[in-house]
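In the two complexes that follow, subunit A is the common piece, with subunit B as its partner first and subunit C second.
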Partner chain A sequence: MAQEVCCLKAQLKEKEKEIAALKKKLAQLEKSHPTVLELHDKVTPLTPLTSNPALSNEDIMRYSRQLLLPDLGVRGQLNLSKTSVLIVGCGGLGCPLAQYLAAAGIGRLGLLDYDEVELSNLHRQVLHGEENQGQAKALSAANAVKRLNSTVECIPYHLQLSSDNAVQLIQQYDIVADCSDNVPTRYLVNDACVLSGKPLVSASALRMEGQLTVYNYRGGPCYRCLYPLPPPPETVTNCSDGGVLGVVPGIMGCFQALEVLKIASGHGSSCGQQLVMFDAQDARFRSIKLRPKQPGCAVCGENPSVTQLVDYEAFCGSAATDKCLKLNLLSKDQRITVQDYKSIMDDAGPHLLLDVRPLVEVDICHLPSSLNIPLSSLQERKSEHLQLLQERISELKQQMAGDCRPPVYVICKQGNDSQKAVQVLDKMSGSEVDNIAVKDISGGLMAWAKRIDPTFPQY
Partner chain B sequence: MTAQVLVLYFAQSVELTGLKEEELPDVPTPISSRDLWTLLLRRHPRLAALQHHVILAVRQQYVAVGDQVVTLADGDEVAVVPPLSGG
Partner chain C sequence: MAAPIAVHLEFGGGAELLFNGVKEHHVTLPSQSEPWDMKQLLVWIQRNLLKERPELFVQGDSVRPGILVLINDADWELMNQNACACLTAAGLDCSVGLKPAH
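Right, the complex of A and B next:
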């Protein structure tokens, strides 16, 4: 009895400590955000940006180090305070961009993002913290920016940019920055900028590379002049599939901030007819001189066929998100669920589990019994891998009586590549390797982690 | 006439070719940009995935894949640049 009382008292003390800590944190937060930002879930008309005729003493002190630059000066600083910038996407590019624009004293920042903060964002989306997980990215970014410079007007938009709202939103801003993560949004933002006559400072990043161009600016091309047709969706790699080193979008977002500041201050950007490429492996920038805008361009040309926004998801054949799309390449009898595979594993019947992810992903996590042959090796028919596969099939055949086809179950991260691998293996079966019965494990290792083994890592 | 050029591959073209760069010793010159692209496709058939969606640059200048004729000299850089869309 006495022990139980003691234990409860200790627990109570612990909880009181937690409450005190939370109260302290809340007070600190409230102190740093005297005004609570209102999250916009639709586009509403904005009041015109009020412009200061002169810099205050506080402005002079705050911006003194950049006021000293002849490139900016007082006039440039005042121009910044009169400029509004819409940032489409508050992720790896948008975070550093918003940070530097706010620090430099831009007048108004529209921060648009449809997503919420996730743990896997934090390595590159540096305005969001651990405590912001689950919060709207637009709000999290706006709060962080406000902490940095309370004189900057921030408008967080938690909405999906679409053909219905893009022009209405974009025409309220002076400069637009494309920090999005998918192809349909890139065409949508481009077309809306052309239709509204706004310069578009556009950057992108993946893996160890980045690109930047200022579109629709001083006679230069628009995105469609360069890329009249969208790439087939299956050839597009996004950050959640291909990976990205956080600092690479960081560098590109900072680069965007530089070009936005040059345009806003009146200095002008030199990237209007240039594609700048950043190679993080070699730490090298290269530029390609682009053509001027194209008279035949569908949106900015002389006889445009696109005179209002269209359906960009249909145009690109993909959704306006960087989330992985689920392929459905196989028939029902070519696929099994993770639960089915769990029973097969428990029954310990002879079979081969083939993991077709790249080695770098297998190093993160894998099922102990699996054989790793990447999909690309199967597609390219790499001889050492085919040999390995044949050896394992032969072993299985020895274990199994009769002349039945050894079962091969194919797994990957989410169940897309494994379906492609099943198609390749089906073609190889009976010719390039012995006859096998190939099946896909639906949903891959992430489904395994969700439904069978919660201790299995997700990435 | 032929020229020895350095082809630089970026973004997805690195995966498709397995190369970041390669020397091509005997590229005919002058050559139309279409023939230049076809020559690269013959070496790396998987580049076909980028057809119509790629930027080709010769000596850091954009070249539309088509009838435009380019004159190449030894040491010239040819860049294959597919768009990136991540962010």
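Right, the complex of A and C next:
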């Protein structure tokens, strides 16, 4: 035994020496090769983009198929190599966009994202691979782009775009592409583009639909001309709530690449006063003629009130992230923790566990004992669901005997909808259904997966 | 007297979720003495189609911020917000789309 331990210790020491040697070698290599990408965590001034006066033989070979297009030609190709593009968001839109811009020979790509790669990103964010999980998205995207075309200069930014850095960053680029996933960032990028005089190629994708418009381009409208006021925060759905089929942002990101390339090559975009809508369900594109630039616009109008960047999270009443916000609608005694519920379950006391998620989510995973009635059915007082609920409450009452109120515990994915459901059920208790004692399970099934049952799926 | 008018309504970009997930609605607006305008149409939609949570759709006498109203593939704003002319002139072919910004 002791001998075995000694032997293992010796082996370990040997390996540690090997690792140290490898690390040293890597560091030396990285030093001698400045092409290894460096992640930027703040905005720094860039050197002007050096432009070639003519195409090299290698350029001619690489780009030959697009050089043959009269719409692009040698002049267009040289224009691409002189253009810098900032991509805000390296997700479902940003990945295909960066890929096609690099492949086509754009001069410089700024790749900005504050997130790290997660497994749930990979179905739509196609530049990242399994081995990139946990890595900064900006760096992962830049490395993938470099592999595709090493002549493109890539600058990965791992930072949160804000009122303090947006103008400084955006003014260093020729074209900006908004591939972000939240409303405050859309207003921030729009205003920074108007203040810096840069065209903004903007797209979005949600569920089975996509939209694209080029803002602030050749005298056309800006985002604020169309949407002077932000939507109420509770009406905004994001991908982590609403879901999205990966290919839909894929199509819209490719569409963005097309418009960026048309602008960069000198051909020009026709989406300056136009909204392109893509309906994936019907496989249909529609072009909507938009209003012109609005003289009363707060940022691009005749008497702008926004002359420098403002606080966009305050303006929109929501955070600049697509992560879910935690609601707090109930008092402390109306909520229990997942640990509390675990002991209730273990004690096998009579109770009803009500899962208020939509059916599509219940199909993904659920707790075996739960009854599913979606929040919307409760809100709309769907009769068949109320009947079902009343039946289960009656059964509980029989089991419990006596006149106490049967306990009902409400659960959802993250504990927001379940709080709303508790409010609805509280109103119904004693009138539409028998008296019940309703409580919310704080943090929902995702808290259950994290703290109680690590084998429970997370989505 | 304006005759009854057939209108093709479309809700998209998530707005359809307020209408039981149904994107397209073919409706007939009843005859009334004045030509229909967008304000009246929104009131009609709210009374006849929208069952739940009107605050997610209307604000004051217009749609809530973030929703774009389109008429026959054009921004409503291009009609000087005077949709009645369009609604009556376009008759059967008139389609109104309401899309929230993503």
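Please note the rule applied: the second predicted complex is superposed on the first by the 425 of 459 C-alpha atoms of A that agree within 3 Å, B and C clash if a C-alpha of one lies under 4 Å from a C-alpha of the other, contacts with A are read in each partner's own complex, and residues count from 1 in each chain.
By our rule, a residue touches a chain if its C-beta (ideal position, glycine included) is under 8 Å from a C-beta of that chain, and two chains touch if they have at least 3 such contacts.
In this text the structure is predicted, and so the values were computed from the model without any measurement.
J.: Following the superposition defined at the top, how do subunit B and subunit C come out on subunit A, clash or fit?
T.: Aligned on subunit A, subunit C clashes with subunit B.
J.: So in the superposed three-chain picture, is A:H351 touching just subunit B, just subunit C, both, or none of them (first/second/both/neither)?
T.: neither
J.: Who does A:N182 touch here: subunit B (first), subunit C (second), both, or neither?
T.: In the superposed model, A:N182 contacts subunit B only, not subunit C.
J.: Tell me the contact category for A:K262 with respect to subunit B and subunit C: first, second, both or neither.
T.: neither
J.: On the superposed three-chain arrangement, identify whether subunit B or subunit C touches more subunit A residues.
T.: B
J.: In the superposed arrangement, does A:G89 touch subunit B (first), subunit C (second), both or neither?
T.: first
J.: Looking at A:V244, would you say it contacts subunit B, subunit C, both, or neither? Reply first, second, both or neither.
T.: So A:V244 only meets subunit B here.
J.: Identify the overlap between the subunit B-contacting and the subunit C-contacting residues of subunit A.
T.: 183, 186, 204-206, 209-211, 226-232, 235-237, 242, 275, 277, 279, 286-291
J.: Using the touch rule from the top, collect the residues of subunit A that touch subunit B in their complex.
T.: 89, 91-94, 178-183, 186, 203-206, 209-211, 226-232, 235-239, 242, 244, 249, 275, 277, 279, 281, 286-291, 322
J.: What residues on subunit C touch subunit A, complex-wise?
T.: Residue list for subunit C touching subunit A: 12-14, 51-52, 55-56, 64-68, 70, 73-75, 77-78, 99-102.
J.: Going by the contact rule set out above, which residues of subunit A touch subunit C in the complex?
T.: 183, 186, 204-207, 209-211, 226-232, 234-237, 242, 275, 277, 279, 286-291, 376, 379-380
J.: What part of subunit B is in contact with subunit A in the complex they form?
T.: Residues 8, 10-12, 20, 49-50, 52-53, 55, 57, 60-62, 64, 79, 81-87 of subunit B touch subunit A in their complex.
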